[in-house]
Amino acid sequence: MKSREELEAMARRIRLSIAQMTWQSGLKGAHLGGSMSVTDILAVLYGEILHYDVQNPLSPERDRLILSKAHAAVALYAALHEAGFLSKDDIDHALQGDSPYFEHPKMDPTHGIEFSGGSLGQGLSLGMGTALGLKMKGNTAAKVYVILGDGECDEGQIWEAAAAVPHFGLTNVTVIVDDNGLQFDGRKEDILKAGDPAARWASLGYDVCTVNGHDVEAVRAVLLRETEKPRVIIAKTVKGKGVSFAENDVTWHTGRLTDELYQEAIRDINHD
Amino acid sequence: MNRRSGNWGEKLIDFSRRNIRIWSLLGPGGALSTAAMELGEVKPEVQMMTADLNYYSGLKRFSKAYPGRLINVGIAEQNLIGVAAGLAKEGYMPFANTYASFCASRCVDQIRVNMAYMKLPIKLIGLSAGLDAGVLGATHMAVEDLAVMRSLPNITVLSPADCTEIIKAILASSETLDPTYIRLTGPMNMPIVYNEDYDFQIGKAVEIRQGRDICIIATGSMVYHAVRAAELLEIKGISCAVINMHTVKPLDTEAVDAMQDKKMIVTVEEASIIGGLGSAVAEYLALQKNRPYQIMLGIRDSFPTAGSYDYLLKQCRLTGEQIAEDIISALSRE
Amino acid sequence: MLGMRRMIGPAVKDIIERENEKVLFVTADTGRYFAYDDLLRTCPEHVVDVGIAEQNLIGASAGLQSEGFNVFAVTYATFLTARALEQIRVNLGYMGMGVKLLGEAGGMADGNFSMTHMALEDFSNARNIPNMTVISPADGMELVKTLVALSHMEGPAYMRITGRFPIPVIYKEDYDFQIGKAVTLREGKDITMISNGTLLGEVLKAAEMLATQGIDCKVINLHTVKPLDTEALRAVAGYKLVVTAEEHMLYGGLGSALAEFYAQEPARPRMLMLSVGTEYPKAQEYDDLLKACGLDAESMANRIVEEIQKL
Amino acid sequence: MVDKEIVDVCNASAARMRRCIIDMAFRAGKTETHLGGSLSMTELLAGLYKGIICFRKEDPDWQERDRVILSKGHAAMALYAALAESGIIEEEELEFFKKDGSRLSAHPSLGLPGIEFASGSLGQGLSQGVGVCIALKKMNNRKSRVYVFLGDGECNEGSVWEAAASAAHYGLDNLIAVIDMNGLQYDGSTGTVLNMEPMEQKWQAFGWETVSIDGHNMNEVLEAYMQHHHVPLAILARTVKGKGISFAENSRKYHTASLSSEQYEQAIRELG
């Protein structure tokens, strides 16, 4: 098992890559806020939880990770780089020119990207179908992880799929909600209150737990806990986490990093 | 996953006259069921899927014969496509069905991303396309589905003419990994176009009837009515070819080219005249040097009032007699 | 650098204050894209945000409209016309609720976000719904004129907002805008180019390039894709080539609408349909996308010259 | 307790409505009609139209009317019977149900007095109701209330949950969703097709008040309608599909069915 420090160091490297890709994207900018909020979760997943083999990326036994909140693509690219699926070169060219690694991930399982994304609300259905397919094939080794945004849970399709996962007995599914409390137009609370999200999932038959999404050990602990039911982990996070000027600021949903801001971001991340 | 070779020639399905009559009696649902049973037998990767229309789609028999191979996601069409995508990616070949009016509208974004963009081998079957469910009102009439599916890239669009062709189309679609939309038009006791076995190939139109003066290009249920119209026109001395354009996309442009010498081209479809087969033919001809005059018959740009199938066909002027009348009046205009 | 969409918020505010206080701005978590801040501050009672729930956006808009409001329902063009297509079909098409849909990032404006955020089938999906009016304004002035016209219009409509910053200036002076009435932007006698939206900036440049090669090119702004201005189209049926240019997939859009129309006419001009094509383009910047799809001025001019040589 | 007299009036009305529904179904001949789901909601509609809502039959567009939206549009027969019972349409017009070109189509369409929205495509009515309620609030109309009738199977649709979240977010205390929980959908029991239970917790988790009743007990029905609520209210009415006709009760086959003469005679006998 990796130490807390190792996981945190990995998260820090991911954050630095995110900042770098955002900066090198120039005027385009990138979805910095929602990428930083999901970083620690991805660090734990790729650092410790997910089973994958870079040499054999299509192994049937691999765990499937579906980033439904696909606008956090840069976080995924950075994590895939940590995992060894993407090279440094890939990261250095991401979001530029005709790089295949642009604002939303494009399906490329050999590089760890299970599905294309960009249209919110679709990932849990994909996860459900994948899990069902695995179950039907008798593949009990592979697990399915779906990462949703809290704003994304406005979409009705999420609730169609959410009802179906326990109904089909897909206990190999883990849903992680990156609950950073902000969506494009403002605070979740102001745009569309979620009521009691944990109760929503619980009423459907999930094992629900809430965790500090930036505490790598806590995240690891809930991911390692055995359950009989499909799981939902509501990860309380901070949008823009680690970059002081972007934290909890809705305008940093997408943003551009000038040279100065990039330097400031690097300082912040390294001192966090 | 072991795939049996695609030679349906030595297949289990017997395209005998007797069977053709039985399939016609059972209608599109029965044909789907027959094809599904065959696929269940020879293609282990095939999964049937539905959104609370297990009975309606005629797949009850399949689900009994192949337990666990019919996935019903409930009344949740968007989820239907997403789940199909997940299955497709894991190596299955999902045949998902729901009402054509819903699959071409409620879950277009999901179709767009999973089928058109990711090109996952999902076969989507639109039940009661056109006016078959018209008695249930405009919500259940699928008139824009051809246009919607055609504008999306990478999706093969099939619209078989009778129950025999429905079976052939479904079986043929299982031979490719192309995302495919199969549009089932026509009622129970569906008129028979093909009385005997014939060669069906995706993308290859069938000249059902030869003619000198004009050409009717029809698809789906309208092929039968087009033949009927051609027979009526023959009596009036107008010699009329009929083409069954069962594959609306990709369009068989060679078949259209062969008709360019005709005085007039008529397209007939049980679908909106905007964006469907008529439009596909017009788009192609628009780029040619000498384009024949074309009239486009189909459902005018409106929602017909609810009613029985026969009533609606008449309301939309899509019976053989009405098609013949409209052709004659167009000829007199031209 | 978001271009025309940033004009929506202020324009709607203006309409509410000066023209029509029944107007509501209903959005699905994309209000900020439309610079609605000022609108939100000065007339918050005119703003409704339903969250990232496009299907609910349309249903709720229909409910509001049925109670006598004039609703502008605004979000990404592709999520309106794809995710919520059935709700549009039933509420706006079938029931005829006069909700006005404003779709941002029409065409490839947000192309760097990949095809999920490009609206490349929106003309097709909107056009085949009965009762719909479909409009794509060419520049800032036309956008404002369209919004005002829509706020007074009865039936349902879809407005597509295209392009990035800077918005090309198509109209240098005031002109008469009417829904359904095409505008001739440039006279010419050899061929006709028909387009709409900000792409007209490229089209006009292409016409200039063609002029230097001795090809006299008329340019028509067919801002209303449905209903078609049949009079204007008949008037150019005698040209030796009618070129359509659109930020849309090849099938089902502006070019198809014209092909359908001319097919049934006595005079049927040869057409050339310039479009995104039959494959989704790769995600990249807007200007690069135009080039990749052959929709920049130079590629269009070259393609037309090639076509004319074949005639 | 509700006044016994009102209960009796409403029950009598429900009995007449059942008779109308059976007549309509029988007159439709061989075409199948949605018998089961119409009979399950007869008391719910009778109680509403006879005991609760305000409308002016001579002025169906009266601003202060209560609005009724039949989201489960396939139960149109029940709604038509209720409209005839309340004098909004003539009872004679029921004879034209489902006839070619008639105003009484299999699913409600606009043009018939008392129909607020056309329906037939499941999952759309609650959104329309949300829009109407917001509009009423904006217009300071505090009198009108909006009743949306949903099926339990219909709650599979994600769009229902988009609307549910939004109704709670906007605090729509003028909105009442009535869920006809007859436990059967087209393909079988709601539990086997896609389990949505426990419904009560689910609606509560989306921020609604709930009340569970026996949907055939008029006393409970009326009390539920009269319940005060500060957020939107979901009335979860347990009902019997095909209620009142022994051979149709709880039978999936009678979701849609045609009636033979013998069946019709038997149904009339059983209704008394």
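Letters A, B, C and D mark the chains as written, and numbering starts fresh at 1 in each.
The definition used in the following text is that a contact is a pair of C-beta atoms (placed from the backbone, for glycine too) under 8 Å apart; a residue touches a chain by one contact, two chains touch by 3 or more.
Remember, predicted model here, so these are calculated numbers, not experimental data.
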item	value
Chains touching both chain B and chain D, listed by label	A, C
Touching both chain A and chain D (chains)	B, C
Centroid comparison with chain C (C-alpha atoms), farthest chain	D
Pair joined by the larger number of C-beta contacts - B-C, C-D	B-C
Centre distance in Å when chain B and chain C are each reduced to the mean of their C-alpha atoms	31
Chain A and chain B: spacing of chain centres that average the CA atoms, whole Å	41
Whole-Å gap between the CA centroids of chain A and chain C	35
Sites on chain C at which at least two other chains make contact	50-51, 53, 55-56, 78-79, 83, 86, 90, 94, 115-116
Contacts with 2+ other chains: residues of chain A	116, 118-119, 121, 154-157, 160, 163-164, 167, 191-192
Junction residues of chain B, two or more chains touched	73-74, 76, 78-79, 101-102, 106, 109, 112-113, 117, 138-139
Chain B partner contacts - residues on chain A that touch it in the complex	107, 114-116, 118-119, 121-122, 124-134, 136-137, 156-157, 160-161, 163-164, 167-168
Parts of chain B lying in touch with chain C, wherever the complex brings them together	101-102, 105-106, 108-109, 112-113, 116-117, 138-139, 144, 147-148, 150-154, 249, 272-275, 278-283, 285-289, 291, 293-296, 301-303, 334
Interfacial residue positions of chain A with respect to chain D in the complex	121, 154-160, 163-164, 166-167, 191-197, 199-200, 202-205
Interfacial residue positions of chain B with respect to chain D in the complex	50, 52-56, 72-76, 78-79, 101-102, 106, 135-140, 305-308, 311
Footprint of chain C on chain D - complex, ascending	109-110, 116-118, 120-121, 123-136, 138-139, 158-159, 162-163, 165-166, 169
